[in-house]
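Below you'll find the structure, written out as structure tokens, and then a few comments.
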Amino acid sequence: MSEFLQHLINMLVLGGTYALLGIGLTLIFGIMNVVNFTHGVLYTFGAYVMFIVVHQLGVNFFVALPLAVVAGWLLGAAIELTLLRPLRGSDIDTTMLVMIGAWIAMQSGTLWIWGGVAKSVSTPFPEAPLVLGPVSVSWLRLFVLAAAALLIVVTYFLINRSKLGCAMRATFQDQDTASLMGVNVDLIYTSTFAIGSSLAAAAGALLGPVYVIFPQMGDLAAVKAFAIVILGGLGNITGAVIGGFILALAEELGAGYVSSGYRDAMGFLIIIAVLIFKPTGLFARSERVG
Amino acid sequence: MKLAVTILTIAALASFPLWLRDPYLMNALITTGIFIIGAMSLNLLLGFTGQLSLGHIAFFGIGAYVSALTSLGFDVGLPGGFRIVHEPWPPAVGFVLAIIVAGLCGYLVGLLSFRVRGAYFVIVTISFAEVVRLVALNWVELTQGPLALTNIPSITIGLPALGSLTLRTKLQNYYLVLAVAVATYVLISRLVHSHFGRAMRGLMENETLAVSVGIDVTKTLTLAAVISAGIAGAAGSLYAHYIRIIDPEVFAFINTVTMVIMVITGGKGSLAGPVVGGLIFGLLPVFLRPIMAPEAQWIAYGGVLIVILFVLPRGIVPSLAQRWAKWRSRPRAAGAVSFSERDVKENA
Amino acid sequence: MGFAATALKVEQVAVRFGGLVALSDMNFTVGEGEIVSLIGPNGAGKTTAFNVMTGFLDPTHGCVSYRGTALNGLKPHQIADLGLIRTFQRTSVFPNDTVYDNLLVGLHRRGRVGLFEAILGLPRARSSERRLRERASELVEWVGLGRRAHDLAGSLSYGEQRLVGVALALAAEPSMLLLDEPVSGMNASETHTFVELIRNIRDRGVTILLVEHDMPMVMSVSDRIVVLNYGRIIAEGPPDVIRNDPVVIEAYLGQGAARA
Amino acid sequence: MLEIRDMVCGYGGVTALRGISLEVKAGQLVALIGANGAGKSTTLRAISGLVAPRSGSLLFEGKEIAGAKPPHVVACGIAHCPEGRRVFPHMTVEENLDMGAYLRTDRAGISAERDRIYAEFPRLADRKRQAAGTLSGGEQQMLAIGRALMSRPRLIMFDEPSLGLAPNIVERTFAIIRGIRDSGTTVLLVEQNAFAALEMCDHAYLLEGGRIVLSGAGREMIENEHVRKAYLGG
Amino acid sequence: QTIKIGVNEPLTGAFAASGTYVVNGAKIAADEINAKGGILGKKLELVIEDNKSNPTEAAAVAEKLITSDKVPVLMGAWGSSLTLAVMPKLMEYETPMVVETSSSGKITTTGNPYIFRISPPSAIEAAAFKGIVDKLELKKVDFLVINNDWGRGTAEDFSKMMKEKGITVGSVETMDQGAQDMSAQLSKLKGTDSETIIVTTAVDQLTLIFKQAAALGLKKRIITTGGSQNPDQIIAQAGAAANGTMHLTTFLPWFPDKTPNPEATNYFIAEWKKRGFDFAGCTESFRGYDGIRTAAAAIEKAGKAEPAAIKAALWDINIKGLNGDIVFRKAGPEGKESGQSQPNVYLIEITDGKIGMKTL
């Protein structure tokens, strides 16, 4: 029983992590329709910024976090301006491949600059966990969960309630018509990608200290993020959050009660199963023919 | 014209080993050739039905494992106390079985693709590949898991009556790969120019409309998936018998990515695209290796990829064909290439 | 009217989207060789009815049958195989293919050959291919797009794309044609030509069900009219009766109806 | 108010407009008619900046707007209700309307405008929270018209507004368009229902093969033999 | 004129960090040899190629080194799957390879006479550990291992040894290479009645495991195996969570005097630091150093830089490696045996952020 409770607690913190990974991608992949292979690199980038700012510049942990977010925003804007803008209007596979190229190049660049040896960021949180009866959880993880919740809420309101969010959705549904409404489409492209990127960097900045930091850390994170976004339905923030928790639950229970070798398989099986029964994700957009 | 170009290309490819004596380059050409076959099969799905499979390596890997296990033999226990004991069979049988089993897996994924399209299909294929990888990794009794299947025999061809030949040398393997590649090219070409190919294109461009004129989605997509997977399985089999060791690493995502790169830079939806893209990105690392640091090689690799797409966003072959068409007949509208003409330009 | 047999039969069809009732208790028939029009205000459920008849939408209740075959549970392509072919209200073409290639895809039903025949390039496959090309050229001319045959369908103007849509439906060899607002986007003269086209098609034995808001056209071409409002049939009869039906005028035609 | 001189436009290798000149005076309702593929939509697209003219000039209230990007043109006070509805499919009806008022900042005015549109098209009011992509064709057309009205432009361009609308709604739409003109807003109207368009316009242009071949007051045009034959069906 | 040794290591991809360490160690050996006048009167030249952590590439690299660069002997290829992929090429071109890191048992048992391994396969590690287990008073152990040949092999060999010793083996949990969150596995292990967990994986995952175990309040004894721990890195990154953990290693850079060849160890560590590398990397890089010295000794003994001669000479060498004598014994099927040397294995313990030798 206590083991089960522990799995549930783990699921909560892990699910928060996954939701955090998912929301940035929901913007870029779900709304912008760019298969963003640099998502993992931006995640890694956020983590390295934390490392540099905290350890090499000696800045306070809590100050470093927003710096990492800003850095992610800038890098995202730069990627959009240099790599995506010239290919505006090309099909989705072409931009996907450019993103693949950027992923390969940037990941190797990270390796070149910082080497393959993992780094770790020290945090101001106590090492001793919070113990609640039979279960325990680390303070750092609780902080990450809280920060994730905050980011999720902010993103939700940004996309679904703000004028900017409205313009974003309109732009990627019909660019020409959006421009006829007076939307500056170029600006929307850049800022959507930049916001999505800053969310990826935020995830990296929060999770880097939880785990360790190395050049390929983003790969697995990105695959999971894609899965989560799909699971929840493209462009759906609430869906991404729920998708994140479902994936976490499947993995925890899979590892705990089936076989740890198939831990990751559980997640993917869930995805296949969900898509068989709900082919457009858990929260599908309504469509019609004719 | 078209035939002449094709024959010339094949002749040029066939002549490589005669003047190229460097075994390392031969090795690179053979592995590249194997991946090109995989890329051609991916192109059948991506370029002609619009479905991107980011788990295509699963079929390749399944082909490799099936072929390897057929020729090595195995002995596994199943739940309920059953055992399957299999004595080694000749690799040529493995090759055929690889195609069949991979094709069957393609059928399963194809059935799924009836329900999910686009991004959802992409994730289903990624998930499928991951699940297959994890099975290969964890079903140690059958696949040896991470301990790898080693000492896979080289492929033997021949008829019982005429004796047989075991393909050990690079030269032999090169011609085998070339032969399979040419066969694949012809098969795909015939398929996409038949009315099946038109049905695929119709589904890709406007599914609702295609269905309304009587095109059967499930049948068409499944057919494409089965053939595509079967070809990928064949490529996997060649790979297993050439490299002679298989471990779950073959399912690595980067291998799928390599095929996707080959297809899209070369030009999806064009027959020659994967071949051109494949030769470039199969051999690029070979040329980069001596001139820069390992990390820089990857950066250059990514850079070349980006530059190609910036210059030729629709892929090398279609973009060049379009320019060529424009140059040849200026008054005609751009992009107005019909089915029948498309290939002539492509090969020109 | 003495039509020999019933082609299409709609029985008690109802469609609901969540809480929204799009169709309720719809009953009507179309006889072989008849031209029937389905009219009604925007959002009355006409396109939804088409979607049900062609298998794109499962009705919440009721059933449709064509020439005696129940269509429930059949997939759209299976229904198309029965010869029941529709067009779409929105422009619908294969945008990245030429007009000519569009029609070749449309001719799918005619061009079926075995997989192996096709791959091996056997004579039967070749001759079938030749026939398809001839037929495609014929159709292009017929809808008057000969000049644009080798332009990408996606680059045509709105009205031209609508013509491609109709040509595609004809390519599929319908025995019954469901047309969803075929003349929207055409002017009066173009509509005139189109009416001739429709009569022509009917004379070849094709049954036609038409959805259209162009009243002069509907009135001139229909044998019978079915009027839908809020998902219910509110009137049914020949054009002259419908034109003067006060309920229909109130719900749909408006006061300008006198002109029609 | 709007003056086009010798404008040439095209797409890739195709030339759609071969040098057209026309004028829309402030407060007028000007109609543009022509066959399929004549270049009517292209003209509107060029004005709103969706396609850049190859040559010629485009003056709006004396300012050159040829080659300006759409947001700039919209900011100048031009609204364009595009052909084929083009609603944002995954946004609700209400969000679509709000997008029409994207450049407006007066909240109260926006909400009043919205209510007015709901009153004109009660069907939209019933469907407020529905995703626009699931509306029927005619409902989408109403939404597109309403959305264009939301920006309170000084010049409004309609591309086939009656497309797919039921006869009674067509009547209402035309009444609305006349009402707009009467309230002082300038209107440029492309319409396949040539008779109705010519009847209500102040001035009309006839486009054929990318050239303006005829122009005049609406009444005169209706009388014209060529127009009668080619566009009025008799 | 130089004598070449081919180095086939992962410098990019998942194993880049380790491969780079090994190459840096190898360079120290080559420089040392050249400073002393080279071998057979010629300079030693390392031809270093990146196998991209990818088996297909590893095989291609071997092909290149042998056929284009004409190296008479190779060192490589770090991971077992990489080494296994190279092995058919060794047969094809009859060129020997010194295997410096790979631990899969298969490497020396499939009958490849061109393989000479200086790293311990898990069976040797288990055998060495056998002598210590009594004093640790193990009763029941669980395993948490990386899901590859290395982890799986370790779990298998150690379980066998434990069972012989009458120790109960509980559950065997695995984690994917690259996995970052092991909480699920650890929660499960927290709930079992074993008192010890044997963990096999590389340093990064070890760091994560210690941190996550601490966060879960898992208070069992953890013993790691495999020699890729880099304990200094663990201490730096896992902090207090690493206290009390024990590690089976093959090299003792902290206690040069206790190593079999103190002089060489001191030289190596001094040189390593002089080049500005992290001290933590010593525990991996020494393999590259030993590997090159082994190959060089064989060339010296062979008297000529030819594959066949070097292969024969490898059987005769006897040098003092940093972790024991390098002398190859026969392993694998008769007639085509591979060479396997027997390095020492030590148990160390981390207490209060310091490394201590567990003298039992």
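Which chain is which? They are A, B, C, D and E, in the order written, and residues in each are numbered from 1.
Definition applied: a residue touches a chain if its C-beta (ideal position, glycine included) is under 8 Å from a C-beta of that chain, and two chains touch if they have at least 3 such contacts.
Heads up on the chains, UniProt names are A, B = ABC transporter permease; C, D = ABC transporter ATP-binding protein.
Just so it is clear, the structure is predicted and the values come from calculations on it, not from any experiment.
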Count of contact steps on the shortest path from chain D to chain E: 2
Minimal step count in the chain contact network, chain A to chain E: 1
Per Cα centroids, the chain farthest from chain A: C
Distance between the centres, which are taken as Cα means, of chain E and chain C, whole angstrom: 73
Whole-Å separation of chain centres (CA-atom averages), chain A against chain C: 46
Distance between chain centroids, defined by C-alpha means - chain A, chain B (Å): 31
Euclidean distance of C-alpha centroids - chain B vs chain C, Å: 42
Residues of chain D engaged with two or more neighbouring chains: 12, 14, 134
Multi-partner residues of chain C (each touching 2 or more other chains): 17, 47-48, 56, 88-90, 151, 155
Overlap residues in chain B, where contacts from two or more other chains coincide: 137-138, 208, 295, 297-298, 332-333, 335
Residue numbers on chain D that touch chain A, as the complex places them: 48-50, 69-71, 74-75, 79-80, 82, 86-91, 95, 98-100, 102-103, 131, 133-134, 147, 151
In the complex, chain D residues that touch chain C: 11-12, 14, 33, 35-38, 41, 83-85, 123, 127, 130, 134-139, 141-142, 160, 163-172, 192-195, 229-234
Interface residues, chain C side, partner chain D - complex: 17, 20, 40-44, 46-48, 89-91, 151, 155-160, 163, 181, 184-192, 213, 215, 251-257, 260
Contact footprint of chain D on chain A as seen in their complex: 163, 166-167, 169-170, 173-174, 176-185, 235, 285-288
Partner chain A, residues of chain C touching it in the complex: 17, 47-48, 50-51, 56-57, 88-90, 180
